[in-house]
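Look for chain A in each of the two complexes below; its partner is chain B in the first and chain C in the second.
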Partner chain A sequence: MNNILENYSKNYSEQIKKRRFWNIFIVLGLFVAILISSSIIDLNMTRITSGIPRLGDYIAKILPNLDTNLLFANSQIEGSVPYWYFNFKKYIVLLYETFNMAVLSTLFGFVFALLLSFFSARNITPNVLSFFFVKRFLEFLRGVPEIIFAILFVWALGVGPLAGIIAMTIHTTGALGKLFSEVHENAELKSCEAIRSAGGGWVPEMRYGVLPQVLPNIISYALLRFEINIRASTVIGFVGAGGIGQELYLVINFNYYEEVSAIILLIILTVITIDITSGALRQRIIKGTHD
Partner chain B sequence: MTNKDIISLCPQAFLPFWRRSPVTFILVILSIIYLGFAIHFFGFSLSKILEGFANMKPILVAMFTWQDFSTWNFPGIFDGLVQTLAMAFLGTFFATLVCIPISFLTSKKVFRFTLLRFFIKRILDMIRGVDILIWAIIYVRAFGLGPLAGLLSIFTADVGTLGKLFSEATDNADTKQIEGIESSGSNKISVIRFGVVPQIIPIFISQSLYFFESNTRSAVILGVVGAGGIGLQLTERMKAQYWDQALFIIVLILIMVTIIDTLSRAIRKRIIDE
Partner chain C sequence: MGSLQLNSLIKQFGKNTDGRIAVNGISLEVTQGEMVGIIGKSGAGKSTLLRMINRLVEPTSGSISFDGTDVTSLKGKALKKWRSECAMIFQQFHLIDRLDVLTNVLTGTLGRRYNILNLLKIFPKEEKINALKALHKLDLLGKALQRVETLSGGEQQRVAIARALMQKPKILLADEPISSLDPKNSKIVMDDIKKINNEEGITVICNLHSLEVAKQYSKRLIGLSEGKIVFDGPPENLTQELSQELYDLENE
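Right, the complex of A and B next:
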């Protein structure tokens, strides 16, 4: 009995020692990494302490000075909400444009991704060569950030939402294509065998064997991507690719201080609304499959 | 069996699509109409797109004809890559440090101040509603051009997201351990230290690593608004139309991101398995 206990405590203290050693090693490593990184980006206290008051100033400037007595007065009176949002109609049109950019790019990206995903799923791909090339292609599409593509397309297609939509479509295709092919790889292939035995080719196999079982997951991923694209489309205008981001970039650079907060508040509200709606939809879709 | 017999077995399945599922059919029609309207709204046409792609041709040619290596400023590119990594690392690290106490404050399991939890959660929602590039542009205004603004915007965006994920992880901690320690009469700090922390540390570490991985991607684009890193080098070259150098940098970025992904995935797997 004593022997077992002794062995046990010896074992325990050895393990603790080993873990301590590793912990110290990791903490030291982190410390060194922090020192190196700080020196690379020239991080020091004076820069931060001198920046914080300027940040405070800027935030104070962009916040509207609302007067509680005049809150709902007309747009001529300073301190009222209509004065703050005197450009409201323009913002709404731009927000709608932003929303449509996200819708179109998600939709087109969804279609392309769905077509390509059948080739890049290991278990159902028609041949190994197409599997390899489509997979690499999708990796490239999602590896390059959409805003870089946007800069490129602004050069080629001119300033405007078209460049943004194409850029986001490309990125969406890459990202969704990977997720979709992972969904396909988890699909049950028995129904495909049944279709093959009844004389169906590869296309009917995909259409009637794979698609019905993966559809709920795929749609839920597409909705998730839509949320991401809404965020992306609010900023892709920074490089001139349309949407409300273009206006935001303009008012920030021209120092129209109060308009900055007006636009950012609208963006936050839009993003949160869409997140909540699409989250609820996704829950319903996923739940529907388990009933 | 003739075809007619087969149809009579299950007539529903052989109806035309619009009678089998009218709701789906109407939804599809409505979405196609909306799609047409949206395309009309933007004033797109196929000729416009084709014309644009014709403009792409010289750019693509320029991308693949690499020339004048002496003017490529390789040290600058290398600095940019290293800066990007440093920004992502420090931003994620500081955000993790800040989010650990936040997660305790906003978790139902540890504290029961409902009002405080509500306010912190709404603030985190607000932070998450603003894209990282908007943060970057605001920080560039306050701290000037350079990687410091990038670091701070990564930090801010991560506090919003990691704060939420961490507090969810803390909420999901097993209550039995916490109750066991509470029942032995320990104070709040020991409850956190021995009841909560051992359960959540692996989750926190793997989530932080995952964010470091995704932040190396975000750090690339922060340079677009002047917040330092490799993105600055890339956008400068794209603005000056040095497409060959731009392609070279894009390839370097892809390689860097792949290496970071593989490393972080390997580490995360080990942590979660343990």
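Right, the complex of A and C next:
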């Protein structure tokens, strides 16, 4: 008995030693990698220090000239908020378009990801072959950044939100598909077994054995993805895929300085609002699983 | 009519030759309407045996037949039909905790047929009536719309029995149905199983941890030890010696 204990503690300390060695090794490796990569991208202090003031100049330029006495005057008078936001209606329409791009791509991506995730979860996949191929397929979908897909689809389908929606749907399918299959892999399979024992096939097993217990987590992940997609859908507009991003790209290029800040402020407000509501919703869903 | 036959059934887990043999050559016959209690120590192979009958576990060799039909070779639709006809209930109930009682009971029909509506929780009216009748029989009608996870253990096991009844089974396989219940609920559940056996003529094969309960509810006991049958007969024939061997775990 003592022998076993001794052996065990020896093995244990050896394991710890080995792990410590690896930890030091990894930290050193990271350090070297940072040194190498910073020399490759020419990261040096003088460039940064000379660059930062220029950034400040740009920010100063895009800030609106607001006159505190004229803030609420009409849109003809320089220095008023309405003057700064003379294009407000257009922005709102474009923001709405961006919002819809995020909603639709999250929704479509959710459906595709959910369908595929049952094949790419190791514990419930109907067969090894579909597991392998669906997993690789999802890796490909999320491996390619959405901006690349957006450029491709803008080229193929023309400028506009459709290209953006397709691009984001593809990326969302890949990203959510992976998360969903990981949720499935943690599922308790007792009720699956009961349904199988009653003669229910794979589809009823997934529907009634797996889905009810994974649903709260899955919806929570989808909401998180929606928050990400709101941001992504503005960025994606830069390559012509519709929405407020496309307009922002335009005003930046034309040096309509005050409009740049007007749009950026609106985007920030939208993103914050959606993050807060969706975050609160996610909290409620996760709490709901405990009562 | 309705006779279940097992012929030299063997189940070995793991491929190598020293792999554990959970069921080691079991042959027996159970006639329609019998209530058989299977007893034996933990690890004796009781669960494996029941699961093989339902085909949740594939036998390594040997065969199972029901009314002359070879069950071991069934595939696809025929296999689903067989599983539907030999319902199972489990020690830990294996219900869908987050769904209501009625939907849980209705999932018992999914082995017979299902369509897109059933996947949207829409079931035919007569099935719903049948489900409510089953719940009534188990004195659970008042709980029909409650979430399963809000029910007591005894109630959950009776929901599982109602689900089994929805399969219109010829055989009910019960794998330690009362092991996670207190004595009072154990009695209710065992009485319900006995009632189903008596009134509907459904064959019951029931794994039990308690010899007392086994003796009380079945006229025929089968004792398993290390995957082999060491006793098969009425409880009166069980010697003190043998019952101690079968249940030494309990006396520890």
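Assume the second predicted complex is superposed on the first by the 248 of 291 C-alpha atoms of A that agree within 3 Å, B and C clash if a C-alpha of one lies under 4 Å from a C-alpha of the other, contacts with A are read in each partner's own complex, and residues count from 1 in each chain.
Methods note: a contact is a pair of C-beta atoms (placed from the backbone, for glycine too) under 8 Å apart; a residue touches a chain by one contact, two chains touch by 3 or more.
Everything numeric here is computed off the predicted structure, so don't read it as measured data.
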Checklist outcome for this item: So, after the overlay on chain A, do chain B and chain C clash or fit? They clash
Item to check | Touching partner for A:Leu63 - first (chain B), second (chain C), both, neither | outcome: neither
Checklist entry - Thinking of the overlay built on chain A, is A:Val159 touched by chain B (first), by chain C (second), by both, or by neither? => result neither
Checklist entry - Given the touch rule stated above, what does A:Asn100 touch, chain B (first), chain C (second), both, or neither? => result first
Item to check | chain B versus chain C, judged by how many residues of chain A each one touches | outcome: B
Checklist entry - Counting only touches as set out at the top, which of chain B and chain C does A:Leu250 meet: first, second, both, neither? => result neither
Checklist entry - Of the two partner chains, chain B (first) and chain C (second), which one does A:Val235 touch, if any: first, second, both, or neither? => result first
Checklist entry - Is A:Val81 touching the first partner chain B, the second partner chain C, both, or neither of them? => result neither
Next on the checklist: By the touch definition at the top of the document, which applies to A:Ala33: first (chain B), second (chain C), both, or neither?
Outcome noted: first
Next on the checklist: Looking at A:Ile264 after the superposition, I want to know if it touches chain B, chain C, both of them or none. Which is it: first, second, both, neither?
Outcome noted: first
Next on the checklist: Quick check on the superposed pair: does A:Lys190 touch chain B, chain C, both, or neither? Answer first, second, both or neither.
Outcome noted: second
Checklist entry - Once the two structures are fitted together, what part of chain A is touched by chain B and by chain C alike? => result none
Checklist outcome for this item: So, in the complex, the side of chain C touching chain A is made of residues 54, 56, 79-85, 87-88, 90, 92-99, 107-108, 110-112, 114, 118-119, 160, 163-164, 167
Item to check | Residues of chain A touching chain B in the complex | outcome: 30, 33-34, 36-38, 40-43, 47-48, 51-52, 54-55, 57-59, 97, 100, 103-104, 107, 140, 143-145, 147-148, 151-153, 155-158, 161-162, 165-166, 231-232, 234-235, 238-239, 248-249, 252, 264, 267-269, 271-272
Checklist entry - Taking the complex as given, what residues does chain A use to touch chain C? => result 190-191, 193-201, 203-204, 207-209, 212-213, 215
Checklist entry - Which positions of chain B touch chain A when the two form their complex? => result 35, 38-39, 41-42, 44, 48-49, 52-53, 55-56, 59, 82-83, 85-87, 89-90, 93, 125-126, 129-131, 133-134, 137-139, 141-144, 146-148, 151, 217, 220-221, 224-225, 228, 234-235, 238, 241, 250, 253-254, 257-258
